[in-house]
């Protein structure tokens, strides 16, 4: 099975790790090719299926460990917390949802940022956390991203942001929408100081996230098979009243349509990022990341 | 017959005025709708067919009389003459062709430029002459256009160029190709001084002319039904081995495809140009051209 | 022109029908019903005031989406002495759901850009119900750059259910087009004024809405998602759109309170769909005032102001001690 | 690898076949043919020199279009220590007939852009025979802007029969895309170096060719129109392509004489299609020299120089007395 096949096989592949009925949690099954994998091997392979190259969704912490120099990540100490300022309540109040999400993920919100070393080069890093309310962008996520960009403007170090988000956080109404403009505006300032920004699109990146900072990288990379688009597939299907073609809105589709620079297997991501940062950033003349 | 129909009727409508067998040259036949027209009426109508709105090809002198204030045009005194520097000879030598063209058209080459008044506003004007070797752009045309642009950079008056040209003048080899870059480079300088440039695409505008200054107007207008494109229809048909769809590469097609700002009937061209120049040019606050 | 009344407009509409009837009787039967008519007219006006003073978000949404609501192109023409439409993104297509052009408002030359809806089915199909494809946003950006080059202030009219969610739109980079606009608009050297004239739907609205001054018409809405979409996703029940409309806080009053807009533009009593000229006049007044006051501002002031405006959006608790808000 | 010889390469090819045969005989039959082999080798080399010293324009055209001629992507990879390909115009499509990316040549970081042909039918169909659509030119421009932003010099490799003359290409603005590039390249703040590595076909070639320094490989061509096209249009006889090739003055030597290029890059004897590494080395040397010397130039110098270069192109008689050449 080729790298490109897996998303054609299943329309909506289940994410995460499915545990098998074998005691000890040592074995897992790939959601794409159904291969049974030894968990240690899978982790050693950056949670990319060894059989079909399916990219499992991972936490920001896992991502940090796969990409950046060991122990080099220092998290930004933004103690920002979301507020339910609209008293928003659907099937559940926003306040409750926030509490639950925090409990479940252990994070305060859907964005982790800080500084890390990439093959010896200091960079600014932001990572969205899809497991926290679908990585949705409310005021806190928008503010954290903006502060990260401002940090890059100040320290002149390259900026990498890994996206995975369903879009704006509806529970914050119009102010969540405005985070799109806020983050994009900050990137316009980053432009003017000539600091490189690389965005890495991970599964899924849609809605307001996709239509703002995600698509504004000087270089845009995507993990294989990631869903990337403005409108979600379900909305489009409802609008056009037909099934979407296979592979629609996947990374490879975006590459073909000229929207991204490259689709990069997670296992090669570190090297590609290192090289890109080195070529865009005059300060980085180290050759540690050379292939 | 609507304005848009005429080019669908004939694939390659004959241009110019067809004289009828009636003595005195008072009557002509429209090539598009076959209506018999009184020549004086046709001229009074800016050589636009009174029945079908077909736009006859006209000379630079006619165009000047239709668009600019009476007697206001002063021609630039560039005494540039083309040279057959490659000793180019196909079925006839370039030298001979130049002589013939000059004799036939009374012009020295395929571009007329100067200053004129547009509803009381002084403007820089350039007009290509299709009757001189198909309006092809050699060194002289390229140099004249460049000098006109440089004049606009100096005198800060709006620039209008009416195009009609089959493209580069092959008989001047690589140097004719370079006129594309030369004229476009000059327009890049015009940009930086903020002088408005309006290009008006007339039938036909193809090849190197289309792929340089013609498509670089701050505002781009086109006369109805003008053939505008990079490759000529015959070349495309040979390449794709099929007939081109009706209306392909015509002004209206380009409008639909986002390439031009408007299709303007020759009889409304003066007003639209006046208004556009007024809105783009702070110096021009006169209201003479107001609709 | 008499317009099919909305549900809550019916009591008013009924009174006007009665007035018309009495007027006819007056003329035919030579009965003098002037006093009677005047009484009902007063009642109608009072009723109108009362009803329009207590509109629910759902009702406001209906007005904002009213088929007869003044469209951007008409407003541009009503506001300008001269308006000349410009077309095309220079890449792929001229998108009819986004209009743009140049015009003169009193002594001010401006570029006007706006989402364009239709007023009937045929027009709406042509205008794609005001839902732009990427080329619409690219055309808008092209015209903004034109405005910047020639120092013309920009006015944008927001009126869209959202950017179009379709195959071609995704293929041609709807996300890229909107993102690009958000970023580029930040740096545009001329002042930008935006008015939500009808429906301000999500990223598709914001895509031409990064402005120095933002206004909403009295009965317009601005929302991160349509109430229907919100109901379907969060409430898992499309019938709950009414509740979603309340929760989302999408009316002009709400948005003003949230600090996102600078003011509310009055509509004629009964809503802009009954009087386009009056509506255009009200908008013109606001825009003219801004045009005059921004004439004195320089490029840096203009771009800084716009940046700071959007930089400030967001409500959250900041418990950090060491890190301060960046500039 | 033995490549199918061109017609005029056959005499050389025949000698090499003989040499191979003699070598085989030497090994098998234990006969010492070393002297004989050496003699033929010398003869082959002499013959090669002689033939390649007197190539007709039509023969040079054949080499320039040779299916095994080194392509832009391979050259980029051979010249750079690291080359990372970048994709897409961010509007419509990634055009495989135009490649681009970043790389490092010795200590210099550069952006490389080039037309991309294939070496067999399958590749050529994928690469559209090196004929870009508008999105190819837009991708090139995007990468040039990226280079400008980060201060990377730009190297372009020209190798195209021309921009593609097809329906989609016209619909999406082939003219606009090329015109835009000509204008934008004029103002790019970083130095641009172009090398015609194969076929420099018309506006489609020039669309990435507005450079500070322009070179041609020894057996490349650069022309306003293909000889075939010229023959068809001017001679009204497609069989007259040979004559057209002569008339058009499209060889490196001719173009250098006309003052359009700054130098000719040597090919390995027998043509670049026989030795990609040597070809890449020769190009690298020239580029490296330029990269070093342009490091000292500032933005103004770089753009002025490029402007003046193109401003000067053209041969004509100037009989004017009052008007002088503008600056």
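Here the chain labels run A, B, C and D in written order, and each chain numbers its own residues starting at 1.
Criterion: a residue touches a chain if its C-beta (ideal position, glycine included) is under 8 Å from a C-beta of that chain, and two chains touch if they have at least 3 such contacts.
The structure presented is a predicted model; accordingly, all values stated were derived computationally and were not measured.
Common neighbours of chain A and chain C under the contact rule above are D. More C-beta pairs in contact connect the chains of B-D than those of the other pair, out of B-D and B-C.
The chain with its Cα centre farthest from the Cα centre of chain D is C. Centre-to-centre separation of chain B and chain D, using mean CA positions: 34 Å.
If you average the Cα atoms of chain A and of chain D, the two centres end up 41 Å apart.
Spacing of chain A relative to chain B, judged by their CA centroids, is 52 angstrom. Multi-chain contact residues of chain D (touching two or more other chains): 90-92, 172-173, 176, 180.
Under the contact definition stated at the top, the residues of chain B that touch 2 or more other chains are 191, 257-259.
The touch graph of these protein chains has some other shape, matching none of line, ring, star or complete.
Every pair of chains meeting the touch criterion is listed here: A-C, A-D, B-C, B-D, C-D. In the complex of the two chains, the chain D residues touching chain B come out as 163-167, 169-176, 178-180, 182-184, 186-187, 202-203, 206-207, 209-210, 222-225, 229-230, 233-236, 244, 247-250, 254-255, 258, 260, 306-307, 310-311, 313-323, 325-327. Residue ranges of chain A in contact with chain C, taken from their complex: 76-83, 85-86, 88-91, 138-140, 142-143, 146-147, 150-151, 153-154, 168, 170-182, 184-189, 191-192, 207-208, 210-216, 228-232, 235-236, 239-240, 244-245, 248-249, 257-259. By the touch criterion given at the top, residues 81-82, 84-95, 102-104, 109, 135, 139, 146, 149-152 of chain C touch chain B in their complex. The part of chain B that touches chain C in the complex is made up of residues 191, 194, 196, 218-219, 255-262, 272, 275-276, 279-282, 290-291. In the complex of the two chains, the chain C residues touching chain D come out as 90-92, 134, 138, 171-173, 176, 180.
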